[in-house]
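Chain naming follows the written order as A, B, C and D, and within any one chain the residues start at number 1.
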Amino acid sequence: MTGVANWLNQGAALPLALIGLPLLGGVIAWLLGKRYALQVAAVLVFGLANIFLSLALFLGGGADVTLPFAGYGFEGHFVAGGMSSVLLVFTSVVAFLLARYSVSYFKGDTRGGVFLLFYFVSIGFVNGALLSSNLPVMLVFWEGLLVCMGVLLLLGNLEKPRAAIKMLWISGVADLLLMLGVIVTIRVSGQSDIAAMGRLPVEGLGAYGCALMLLGAMGKAGAMPFHSWIPLAAEDASSPFLAVFPGSLEKILGIGLSIQIVTRIYDVRPGSAMSTLVLVIGAVTLLFGVSMALIQKDMKRLLSYHAISQVGYMLLGVGSCLPVGMVAALFHMMNNALYKSGLFLTAGAIERRTGTTDLRHVGGLGRAMPVTMTCFVIFGLSISGFPGFNGFFSKELVFDAALESGVVYYIVALVGAVMTAISFLKLGGAAFFGTLRLPRGIKQVREVRAGMYLPAVVLAALCVFFGAGNRLVDQWLFQPALGLTESFAGWPENWVLVALSVAALLLALADHLYGRKKTGGALGSADHIHHAPGLRQAYALAETGKLDPYNWLVAAVGGFSRVCQWVENGVSWVYDKGVPGLIGGASKLLHRGVNGSLTRYLLLAVAGFAGVLILFLLILL
Amino acid sequence: MTVLQWIPHLFLALPMLALIVNNVIPRARIRTTTIAMSATVAGAQMLLALAGVFLLVESGESAVRFGMIWDAGKNVGYFQTDLVSMFLLMCVGMVALASALTALTTIDDHRGSYTNLLMVMMLGLNGMLLVRDLFSLYVFLEVTGLASFVMIGMYKSTRDLEGAFKYLALSALATIFILTGLSFLFIKAGSLAFDALTPALFSGAGDGSTLLCWAALVLLISGYSIKSGVAPFHSWLPDAYESADTAVSIMLSGIVTKIAGVYSLLTLTRLFDGIAPLKTVLALLGMFTILVGALLALAQKNFKRIAAYSSVSQMGYILLGFAAGTNLGILAGLLYLFSHSAAKSAFFTNAAALEKQLGTLNIDEMGGLQKRMPITSGSSVVALLSTAGVPPFAGFWSKLMVLLALWSAGLKGYAAFALIASILTGAYFLRLQKKVFFGKPNPRWDAVVEITGGIRVSEILLTIVTVAVGLVFPLLLLYLQRAGLI
Amino acid sequence: MNVTTVMLVSGLILILAGCIELIRTHHMLKIIIGLELAIKAISMFLTLGGWLNGNIALAEAFVVTVIVLEVVVATVLSGIAISIYHKHGNMDIRNLRNLKG
Amino acid sequence: MNIAIYVCLGCMLVFGVFSAASRKLIISAVALAVVSAALGVLMYVLGAHTAAIFEVSVCSGLVTVIFISAVSLSNGDKQIEAQDVAVPARKRRFLPAILIGAGAILMIVAWLTGFSVGTPAAAVSGANFNDVFWETCQADIFGQMVALIAGASAIVVFFKESENE
């Protein structure tokens, strides 16, 4: 294995193949759109090739490739090593599973081919972004990913592309911030290569650069206030899209870059203002996301709010700026990618069979879809942090890091854990347990095909493995990724924290049982929180979008645009009427001047002669 | 004698031979054959000159000299060809080929003189490029002009004759200007050979004959400007192009004004390198020309007239390139000349196709012809994009080089102006495309079909040249750089 | 004030006269006369140049060439003018107004 | 020698201006022929013997012939002359006045500034016209040949080939 990797490592082949192969795979999968079997084969071949290449790179000890063309700060410098190789391997595995799922999900759907095309292209871009050591080149890949997402969202709802527009706006702003940050960083450091940055001090201009870059990276991951397109996308986009982008790829890129910024590009100290910024954003994101998730009645929307809230945990880890925090963030990010995409896959399975994920219309599917249910239970236990599952271990690390940063962050994290557990008890209870409820027109439901449940099963297995074998995972992945010698794996040493976590879970169970008893069903088990005095009004505001910064922005933009209307009108008059009028007028005048008279032609020529003469005299005298 | 020494002889011998053959054989019955013969001569010239360019670069010599037949023994060399003239000889061949191919369709059976005149014109153009004496340059200029007058008036329709006469009257003025200038230079220098004409002629301050030299420069610039159709000397040009048969318009627009006018101006700048007002005046004339040509093109209704004014406007860019004065500038101007020759010839072949199939050239009556005439439409779009300077066509690169040359020569204001004026180029061509090939189809043309024969071949050929040269342009630049030319 | 200056000035006057004639006239054939008049003066300049530089033979060659060329130009011009005469019945350049704009 | 030059110049000026100002085409042409003859003499005086012969024979001869033929081809000269009547006689008197004025001003300026283009070279090259013409100017001879072919083609086109609107 290592031999092969070394052989491949001779030139630029491996990193470039990682970027190029997915693009090729996408095109092939797209062209094979109508032949299901061949499409599955193509996805398998290219997905496995991607895994193989990443593994070869990871096991072969990385690579450092510089392409022979450069200019204007753009340099094709690709480095695989440490975090980037680890993330590449992880991404390739998740991407492979999701691709396999997507093929089956879109079977018989014309949009499938296009989805696969852009999906694979996105993977190529993610690989490129992870590999590129040059900041401007990395930005190019980020923008490519943005475009792919935009197109896919657009295809999700062509008639009313509000999600696509919102996404492009919000992610565009985030990327703009990142871009500004990159520019400032390049200016501060004098060069554009991450590998050569060497922890710039966070002061003066560098502080702005760091803040801007962090905001951009966090925005990519979906933190507040760059989150609000995700719930909207949950209504328009397909489950595979949600699993792929908000579920995994965006988090991998965003959190990966955040860790890079904090540990490699800038020298962010624990307790500094920058650290506080990240911690506060993380805490707010966590609380907001999870409380909004609590009251959702649609499975996809609920999960999408969790996709936001989980970012909060990761940011609490990153913001602590401690080694344990970094491990926590990385671990939680990977866990989240596993169980959150898994959850979206189960939602997709339900959607595939019943045509909806609205829990008011569908529920109690446990008997009909046993495999899906089993997977869901494992994912649910993982995300709730049930002791022994992967989410538990990463959350304990986050708690550790949060406690070091300040007790208030720890409390927020704990409250978040309680509410997460409540919402998943509600979700699981409503969707899979109790009496079978089906939408009108559907008489019975079967388990989905193997092509759709197997990826979920593998993801569930990975969840269990990341939990049970967290020592191995730590040794294999996190230590090389972060360059640590210390191990943070194993059962938490602080028993008090574990006890508090278990207590939180028990509290959640108690609340669930109370709510269930009050409303007589799992679906309404969180309604008492929804309708609690004070919270009800807040929720109403949030649900109508009054708390959405995007909407504030839109309103502000509307006002601003009205103010600027007359300026705009004036300028556009110049462009629409003024300049063309001037040109047209001059043209007409000259046109009329050429009246066909030979005498006039000759006189014009003589005038030209006189003009040349005068010019000569002017220049010479 | 090497191949390289033989090639230049053929530029004079081949058209002369064609002339003799054409007049020995009774013409009336074999019109197509004679035109095909002239096409062969033109094509041969193009290939020979192309080979000559490479051979000359490879040989490392700056020029090849040769004499007439009766001078074979003395070997003094009264003609010479260097890289610039070899390159332009290739352009002459290319445009003459396009013209002859078009003529296969457009020239009727009673125009037996077309081949004769085309050969005379080629002889005149080749002669201009081969001589090394300002007076001989004038002689061949006049020859070219004579052939042009007759060719424009060939059909003897009212419009033809009018165009020809206007050209002739302006040319008469140009002749007076040029000859007066030449005689002034002769008074000072005692010779009109290129070797005798140096910037040193202008240095004797206070001397009467130096004053005459300055006057000569003004007169020569004005005279050559009339020939090249630079604004405000351009008025004859649209009339002549519009009235002439399209095969003739191709020649006039594609190469005659370029060689007769612009090459002469280039010769002036090369001879009197370093005379400051010369370049400034050329640059100003170039700017004025770009503006006036583009503005007038915007108001036209006739397809050929738009192309004609576009020719005027594009001439300005070539002048700007030459005005930069550096090697890069001259090269840029020449390459611009080449890409414009190809694009404008394509435009006029399109005009021939439209006139042949539609019977009109009024763009208001056209519309939606893209479906009916896809090849013509495609070729015209390529020519448009090339002229407007859109990558990757030949025009883009040459325009870029002109801008770079201006910029590096410190004429930044001119460069900026040239760039902005490109928008006008785009504007009038888009207007043309919209009205002719796109837009609402006119039901009147439902039965129209695509052109066939020589015109189609010519269209395809020129489009291929434009695209291919655009694609290999970076290689060309590398080659030139290796040859030490830029 | 020597003889060459006088010749130059007289030549310039002749050229001016030729140009004015060429521009002012409404008659096609008179354009040739204007042109020829200017050419006469130019022939004189060329001869003068040869005389001044002691290279009269070269000047002669130039003059001969110019004469031949101008004869051909005159032929072509009268050919066009007569063809136009067949169209319009006169040789007025004011008839040439079909092409414009 | 100078006197001969001045006389010839005077002749040329008078008949040249007369030719330009004349209303009648034939008279213009004849005056032009006289200018040509005077120029021939001038050339002879300056030593350009061959050019002088050409000037007198070709120009005053051939050009006049062309004019006469043009005039006769176009059916009499009445109509031709009638065209220039449109320009009032009063206006055409300005032309000689302008020319004489311009000449006078030029003369005065040249006299005041001491303008001079130099004197005839002492060393006259002994080059023979034939040698120079056939060697140094061989490109010009070739050009003349081609120009004559162009002229022949012009005659074919304008007098032989049929019309086509």
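Keep this in mind: contacts are C-beta pairs under 8 Å (C-beta built on N, C-alpha and C of every residue); 3 or more make two chains touch, one makes a residue touch a chain.
Only a predicted model underlies this, so the values are computations on that prediction, with no experimental measurement involved.
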| item | value |
| --- | --- |
| Labels of chains that are neighbours to chain A and to chain D | B, C |
| Chain centre separation (chain B, chain C; CA means) in Å | 26 |
| Centre distance in Å when chain A and chain C are each reduced to the mean of their C-alpha atoms | 82 |
| Separation of mean Cα positions, chain D and chain C [Å, integer] | 6 |
| CA centroid of chain A to CA centroid of chain B, Å | 59 |
| Residues of chain A touching at least two other chains | 591, 594, 596, 598, 602, 606 |
| Where chain B touches two or more other chains at once, by residue number | 135, 139, 142-143, 146, 149-150, 153, 156, 158, 165-166, 169, 173, 187, 208, 238-239, 299-300 |
| Set of chain C residues in contact with two or more other chains | 5, 18-19, 22-24, 32, 34, 41, 48, 50, 52-55, 58-59, 62, 65, 69, 72, 76, 79-81, 83, 93, 96, 98-101 |
| Listing of all chain pairs that touch each other, if any do | A-B, A-C, B-C, B-D, C-D |
| Chain B - residues contacting chain C, complex | 135, 139, 142-143, 146, 149-150, 153, 156, 158-159, 161-166, 168-169, 172-173, 175-176, 179-180, 183-184, 186-187, 189-192, 208, 238-239, 242-243, 299-301, 305 |
| Complex contacts: residues of chain A adjacent to chain C | 591, 594-599, 602-603, 606 |
| Chain B-touching residues of chain C, taken from the complex the two chains share | 5, 15, 18-19, 22-23, 28, 31-32, 34-35, 38-39, 41-42, 45-46, 48-50, 52-55, 58-59, 62, 65-66, 69, 72-73, 76-77, 79-81, 83-84, 87-88, 93, 96, 98-101 |
| Chain D-touching residues of chain C, taken from the complex the two chains share | 1-10, 12-14, 16-18, 20-21, 24-27, 29-30, 32-34, 36-37, 40-41, 43-44, 47-48, 50-65, 67-72, 74-76, 78-83, 85, 89-92 |
| Interfacial residue positions of chain A with respect to chain B in the complex | 583-584, 586-588, 590-591, 594, 596, 598, 600-602, 604-609, 611-613, 615-616, 619-620 |
